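Got some structures for you, see below.
In what follows, chain A forms one complex with chain B and a second complex with chain C.
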Partner chain A sequence: MLTYCLRRLAFSVPVLVLISFAIFLLMDLAPNDPTSNLPMSIPADTRAQLREALGIGDPLLTRYLLWCKQFFIHEPLNWLTNVTGLALGDPDRLRVLSWSARVPVVDLIAERLPQTLWVVGMSYLLGIAIALPIGIYSAYRQHGWFDHLGSFISMIGYSVPSFFLGVVMIIVFAVKLNWLPSVYDTTLRVTDWGSLMEQFRQMVMPVAILALYNAAQISRYMRASMLDNLHHDYVRTARAKGASERRVMLRHVARNSMLPVVTVIALGIPQVLAGAVITEQIFKINGIGELLISAIQSGDLPVVQTLTFLFAVLVVLFNLFADIAYGLLDPRISYD
Partner chain B sequence: MTDLPHTGAPTNRFWRRFRRHKGAVIGGGLLALILFAVLIGPFLWLHTSGQINITARNLGPSLAHPMGTDHLGRDLFAAILEGGRVTVLVGLVAMGLSVAIGTAVGILAGMFRWLDAPLMRLTDLFLALPVLPLLLVTIMLWREKLRMLFGAEAGIFLLIVAMIGLTSWMQTARILRAEVLALKNREFVTAATALGVRPWGLIRRHILPNVLGVIIVSATLGLANAIITESALSFLGLGFPPDHPTWGRLLFDGTEYLTLTPARAIWPGLMITLTVLCANYLGEGLRDALDPRRGFGRK
Partner chain C sequence: MSSVFKNAALAAMSVSALATPTFAERGTQGDLKLFYWQAPTLLNPYLASGPKDSEPASLVLEPLARHDETGQMVPWLAEAIPTMDNGGMAADMRSITWRLKQGIKWSDGSNFTANDVVFTANYCLSADSGCQVSAKFTDVDKIEALDTHTVKISFSKPKPYPYAPFVGLEVPVLQAAQFADCMGANALNCSAQNLSPIGTGPYQITEFKPGDVVTYDINPFYRDAAKPGFANVTIKGGGDASGAARAVLETGEFDYAWNLQLDPQVLAGMKAAGRGTVVTDFGTAVERLQVNLTDPSADLNDIRSTHGGGAHPFLADPRVTKALSLAVDRDTLVAIAYGDTGRATCDVLAAPAIYASGANDDCLTQNLDRARALLDEAGWTDSDGDGIRDKDGVSLSLLFQTSVNPVRQTTQDLLKAWWAEIGVETELRAIAPSVFFGGDQSSPDTYQKFYADLEMFTNFFPGNDPEPYLNNWTCAAIPTPENGWAGMNVPRHCNPDYDALVAQLGNTVDLGERIEISKQLNNMLMQAGALIPLVHRGEVSAHAASLQGVRMNVWDSELWNIADWTRAK
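Showing the complex of A and B:
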C-alpha cells in the first residue's frame, strides 16, 4: 500500500510540472504583452521591477525555470519564515506580486480563501447529507413514487444552470419577498445572536444553490451504485439470516455502495471549488472565484497564473486522495 | 452468410424501449421544436432584436411582444430567437468537435495497443485541468487577437467553440475505448481480422457502426454541457459581445434590471434550462434504450 501511494505520488509530480508548464506557456504565448495592459498609474520603477520579475527578454525555458523558482522555492520559504519566525535565506527574494494590488499573491489568496471555503464547504456537506438518504431510498423503492420524484428533481438540479437559479432566487427572495439579502457581506463579524442570524440569512441562497447541484449529482451516483449492489448474493444471505430490512440496507448494501461514491465525492471537490466562481459572481462574495474574475478583467497575470495552478494542484491532489481512499476502504483491492 | 431471422429486431426493440421513456420522448420533441424555432423563427417573427421603440419601453408580455420589451423598447422574443441561434450553433459545433476528438482518441486507444498508454495518459492529463478557470484565462488572453483576425463575432465564436471542444472530449474517449476493447474480443471482429481486413477497414466497417449508439448518447449529453459552458462564460462577461447576445449574455444583461423587469433575466434562463433539460433527458432515454441493464446513473 505504501509503495502504491508513493508511486501514485511520484506520478502526480510530472503531471503537475506539465500542467504548470502548460499554464506558463499559455500566458507566455498569448498575443498581447503582459505589461501593456497595466494601468498607467504604475510608477516606472515598479514597472521595471515587474519586467524583471517576469524576466521578459530571457529565453522561454529560463523564464519558466525562474517562475518555478519563485513559485516553488521563494513562496514556501516565505511561508516557513512567517510560521516559524526564523529568517531563512535571503529576506528580499523576489515574490510573486499582484500587479494591481501590489501585494504578494499568496497574501491575497489567504485573505479570500476563508469565504470560499466556508460557503462551498457548507454546501458540499449539505449536498452530501441530502444526497445519500435520497439515493439509498430511491434505490430501495426503485420505480416507486419517491424514486420518480427524486430522479426528476435531481435531473432539474443537474440541468438548471447555477447562474439562472441564483438569479431566480434573488428575484423571489430578495426583490419580491425581501426576506434575504442579495449581496453577501463579508465584512460581517459574528459577535452576537443578531449577527449570527444575519450571517445565516446571507448564506442561505448561495449554499442552497450549490447544495442542490451537488446533491443532484451525488444522489444519482448513490442510487446507481445501490442498484448495482442490491442483487448480489450477500444481500440474499443477509436477508436469509433474518436481518431486518433496515440493517440489510444500511449495514450491508449502503456500506458497499459507498465505495465508488466516496471517489465521486473526493473528485467533485476541486470542481465545486472552481464552480464557485459563478456563485460568487452572482452574490458578490469576495472569495477566490471573484478574485480570479477580477484579476482576469484587470489583466493581473500573476494572480491568474497562481490561481489556475492552484486549481490544478487541487484536482491532482484529490485524484490522489480518491485513489488511496478507494484502496483503504476496499480490502479486496491490493496494489502490491 | 445466412440471414438470421431476427436481423431487424434490435432497431425495433430500441424504439420500443425508447418510446417507453416518456421524459426522453418529450425531451426529444421539445428539443427539435427549439432547434426549429431558433432556425427559422427570426425570419418569421415581426420584429428584429435591433428595433428600438422608445414608446414601448419595459412592457410586460402582450400579444405584440409575448415576452415583453427592454429599456429601449426592443422586443425580447426576437432577441431570444436570434440569441438562441448563436447559443445552439455554439453548442452543436463544440459538441461536434468534442465528440470527434473523443471518438478518435477512444477508438485509436482501443484498437492499437501501442497507442493505448500514451493516449490514456493524455486523457488523464486533460481530466486534471481546471476547466472553468482555464477557459476564462484563455478567452481573456486570446480574445483580442482573434477578434482582429476574424472579426468580433467569428473570432469569439471560434475561440469558445475550440476551447469547449478541447476541454470536454475525455469522457467520450474513455467510454469509447472501453467499448472498442470489448468489441475486439467478439467473434465477428476476429473473423474479419482472419479474413485479412486491415485495421482501418475494421474500424470503418465493424467498429464504428457498433459504437454509433454510444457516440450519439455522448453527443446529446455533450450538447447540454456545451450550452451550459457557453452560457456560463457569457454570464461571467467573457463570452459573446453585447451586440451579438446569446442566451447567457441576455441573462447577464437582464440581471442589471432585476427590480424593474425581471422577465429579461427569466426568459433567457428558462430557455437555457429547457434546452439543457431536454438534451439530458433525450441522452438518458437513448442510453437506457441502447443498454437495458443500465439504470439512470451517469458514466
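Showing the complex of A and C:
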C-alpha cells in the first residue's frame, strides 16, 4: 500500500510540472493586460512602464522559471521560517506577488480560505449528509412517493441556477423579512454565543443553496448505485439468511453502493476548496472563487497561475485518496 | 459642588446641546459601513489602479489641495493655494511655492514636513517604480524643501496651470519615513507599506484584506480635535452594483454604496423602499462614439487604421458623421439606458459648466429628415434598392464595436435601429473589457488599434483643467504601429490648426481666455466629425437616510469630507 502511494506520488510530480507549464503557456497566449483596468486618463507610456515594472516584457521561459523558483523554493522556505521561527536563507527573497494587490499570493489565499472552508465546506458536508439517506431510501422504495419527491427536489437543485436562487433568497429573507444579512462579514470573529449566532445567520443562505446543489448531485449517484446493487444475488442471500431489512440495506447494499459515490465525493473536494464562484459573488463572501474571478478579470497572472496550479495539485491528490478509499471499502481491491 | 462650577458645567452642556445637529464630538457617531463593490486591492494611490483604491486610501492619505464638490480647489495640507496674487506662483510661471499647515502630525505621532512632500515626488519619479500617476509630474524639473513647511516646485517650462502635483486624490503625500526603502524597483515589493500606508487623514487603517475589506479607526493625531464623527469605518467590497445598492437602499446593512451604474428602473425600484437616498453628480465623463477617420479595411494589412492607409471611405466626410449624430435620439437613449445618471450632450468637453460650448446643441433633438438630406447631399443614395445607401460601389455599412457592458449593448441596439432608418447598415461587436481596454500588442481588438469604423467608450479628465484632455487629439497623439499603438487620439484626427491652438492654450494663464480656447478646440473636433458625443455621464452613489454630511464630489474622492459625516439621531 505504502509503496503504491509513493509510486503514485512520484508519478504525479512530472504531471504537475507539465500542468503548471501548460497553465502558464495558456495564459500567456490569451490576450491579457493588467493595466486595462486603469483609468483612461493614464497615458500609454506610463502603462508601458508599469507593465515593464511587473516584468511582463521578459521572455516566457524566464517568467516561468522565476515563478517556479518563487513558488517551489521561496514559498516553502518562507513557510518553514514562519513555522519554526528559524531564519532560513535570505529573508528578502521574493515571493510570488499579486500584480494588483502587490502582496504574496499565498497570503491572499490564506486570507480567503477560512470563509471558503466555512461556507463551501459546510455546504458540502451538509449536502452529503442529506444526499446519502435520500439516495438510500429513494432506491429502497423505488417509484414510491418519497422517491418522486426526492427526484423532484434534486431536479430543482440541479436545474435552478444559484444566481437565481440566491437573489430570490436575498429578496425574501434579507429584503422582505429582514431575518438574514445579504452581505457576508469576513471580519467577524467567533468569540462568544452571540457572534456564533451571527456567523450562523450569515451562513444560512449560501450554505443552503450550495448544499441543495451538492445533495441533488450526490443523491442521484447514491440512488443509482443502490438500484444496481439491490438486484444482486448477495442481497437475496442476505435476506434468505434472515437478516433484518435494516441490516441488509445498510451493512450490505449501502456499503457496496458507496464505492462509486466515494469517488464522486472525493473528486468533488477540490472543487470545495476552489470555492463557489457565483454564490461567493452573490453573498459577497470573497473566498477563493471570488479571488480567482477577480484575478482573471484584472489580468493578475501570478494569482491565476498559483490558484489553478493549486487546484491541479488537489485534483491529483484527491484522485489518490479516492483510490485508497476503494481499498478500505472493498477488501477485494488491493494495490500490492 | 460650588454654584460657579455648576453654572459653568451647565453652560457647557447647553452649548454642546445647541451644537449637536451640525457639530459632533470625535468618535461619538458609532460605526460607518461603506460598500465599494469593486473591492480595493491596494491602498497606495501611486500604484493603485483606480478610484476603487484611491478613494478608500483618501481616508488616510491627503494631498496638499483637494477639489470640493463644485470643482474648486481647497487647500488641504497647505495653508493656501499658491497664485500669482498671493505670491505663491512665480511671475515667469516656472515655479510655485506651497506653504504647509503647521502642527500636522502623521498617525504615528511624527511631524508632517516639507521633506515628506519632496520624498513623495522623488518616490513617484524614480525609475522602475511603476508609479502610475507620473503624468501628474510632467515638466516638473525640481521639487525642493525651502524650510520645514515650504515646498517649491520648479517646472522646466512655463506652467500656466501648475496644480497637477499634490492636488487631488491620486497624488497625496506619503510618509517619507515609512516608504524610505521603497524607492524605484522596490516600490512594487513593499507589501506591508502598500497595504497600510501611514497618513495624516482622519482615519488610520486597522486591517486590510485586499479585494475584500478595509477597516479603519480614528487617527489619534488628527488635526481637528472634534472630528471625525464616526469612530470606526468599514469598507466592504465584492459582488456587483445591484447587490451594493440593495445593501444600502433595501436591507439597510450599509450606510453608503459607491458607483451604482444600474438600470434606471432597478435603481428606482430600490429607492422606493425609502431607506436611503441616491446622489448623482456630473463630472467630466462623456460616453462618445469615436469615429475612425482612417481606413480600417483588413486588406490594407499593416497600414490599416493609419493615415498611411488613406482616409476612411465615408466617415472622413463630416456630413456623414453629422448625419449619424442627428439620427440619434439622445433623450430616449438616456431615458432607456441611463436614467438620472446621464444627460444628453453634443460636446466632448461637457464640463465643468464654464467650459461647455453649447455651439453644437442642434444634435440634441433627433432630426432624421435632416440626416437623410445630409447623406443625399454627400452623394450617398440607395441606388441598388437594398435599403442601404451606397456610392461608387461602396455601401454605407459600419462596424461598430465597444466593450461588453449591458448599458453599452443597449445603446448599440438603439443606434443600429436609428441608423437603419436613414439607410445606414450597422454590424455590432462587443469585446471583453480586459481585451478592449488592454494594451496587448498581439490582440487586434484593442480600442487603440481600432480595426472598426466606430467604437464607443467613456473618457474623462480628473480635476477641472481640460488642457491635458484636449491634448488627446493632436497629430502626435495618434496611435500607430510605430509608437506601439499608444496615444489617445483614437479617431486619428490630425489638424495643424488644432495643434497650434492647443499649443496656445499651454501658454495662456487667464482663465477667461483658457475657457474660450477650450471651447474652440471642442468645436473644431465636433465640426471635423472626429467624435460623436452621446451622454454626459454622472457618478451615482447611495447613502442611508440617516447619514448626514455627504457632499457628493466627482472632482475628488467621494469620501473627501468623511470627517464631517454624522448620523441623524
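The criterion applied here is as follows: the second predicted complex is superposed on the first by the 297 of 336 C-alpha atoms of A that agree within 3 Å, B and C clash if a C-alpha of one lies under 4 Å from a C-alpha of the other, contacts with A are read in each partner's own complex, and residues count from 1 in each chain.
Methods note: a residue touches a chain if its C-beta (ideal position, glycine included) is under 8 Å from a C-beta of that chain, and two chains touch if they have at least 3 such contacts.
All values reported here derive from a predicted model rather than from experimental measurement.
After overlaying the two complexes on the shared chain, residue contacts for A:234 are found with neither chain B nor chain C.
In the superposition on chain A, contact of A:292 is made with chain B only, not with chain C. Of the two partner chains placed by superposition, A:200 touches none, neither chain B nor chain C. By the touch criterion defined above, A:281 reaches both chain B and chain C.
When the shared chain is aligned, chain B comes close enough to touch A:221, but chain C does not.
Contacts of A:308 after superposition on the shared chain: chain B is touched, whereas chain C is not. When the shared chain is aligned, chain B and chain C each come close enough to touch A:170.
31-32, 170, 175, 281, 297, 299 are the residues of chain A that lie in the contact sets of both chain B and chain C, per the superposition on chain A. Those residues of chain A that touch chain B in the shared complex are 15, 18-19, 22-23, 26-27, 30-32, 151, 155-156, 158-161, 163-164, 167-168, 170-171, 175, 217, 220-221, 223-225, 227-228, 270, 274-275, 277-278, 281, 292-293, 296-297, 299, 304, 307-308, 311-312, 314-316, 319.
Per the touch definition, chain C reaches chain A in the complex via residues 35, 39, 41-42, 47, 49-51, 128-135, 185, 187-191, 194-195, 207, 209-213, 215, 234, 236-240, 243, 246-247, 250-251, 253-254, 273, 433-440, 442-443, 445, 448, 457-462, 468-469, 479, 483-488. Of all residues in chain B, those touching chain A in their complex are 23, 124-125, 127-134, 136-138, 140-142, 144-145, 224, 228, 231-232, 235-238, 248, 251, 254-255, 258-259, 262, 265-266, 269-270, 272-273, 276-277, 280-281, 284, 295-299. Those residues of chain A that touch chain C in the complex are listed here as 31-33, 35-54, 94, 97-98, 100-104, 108, 111-112, 170, 174-175, 178, 181-183, 185-187, 280-286, 290-291, 294, 297-299.
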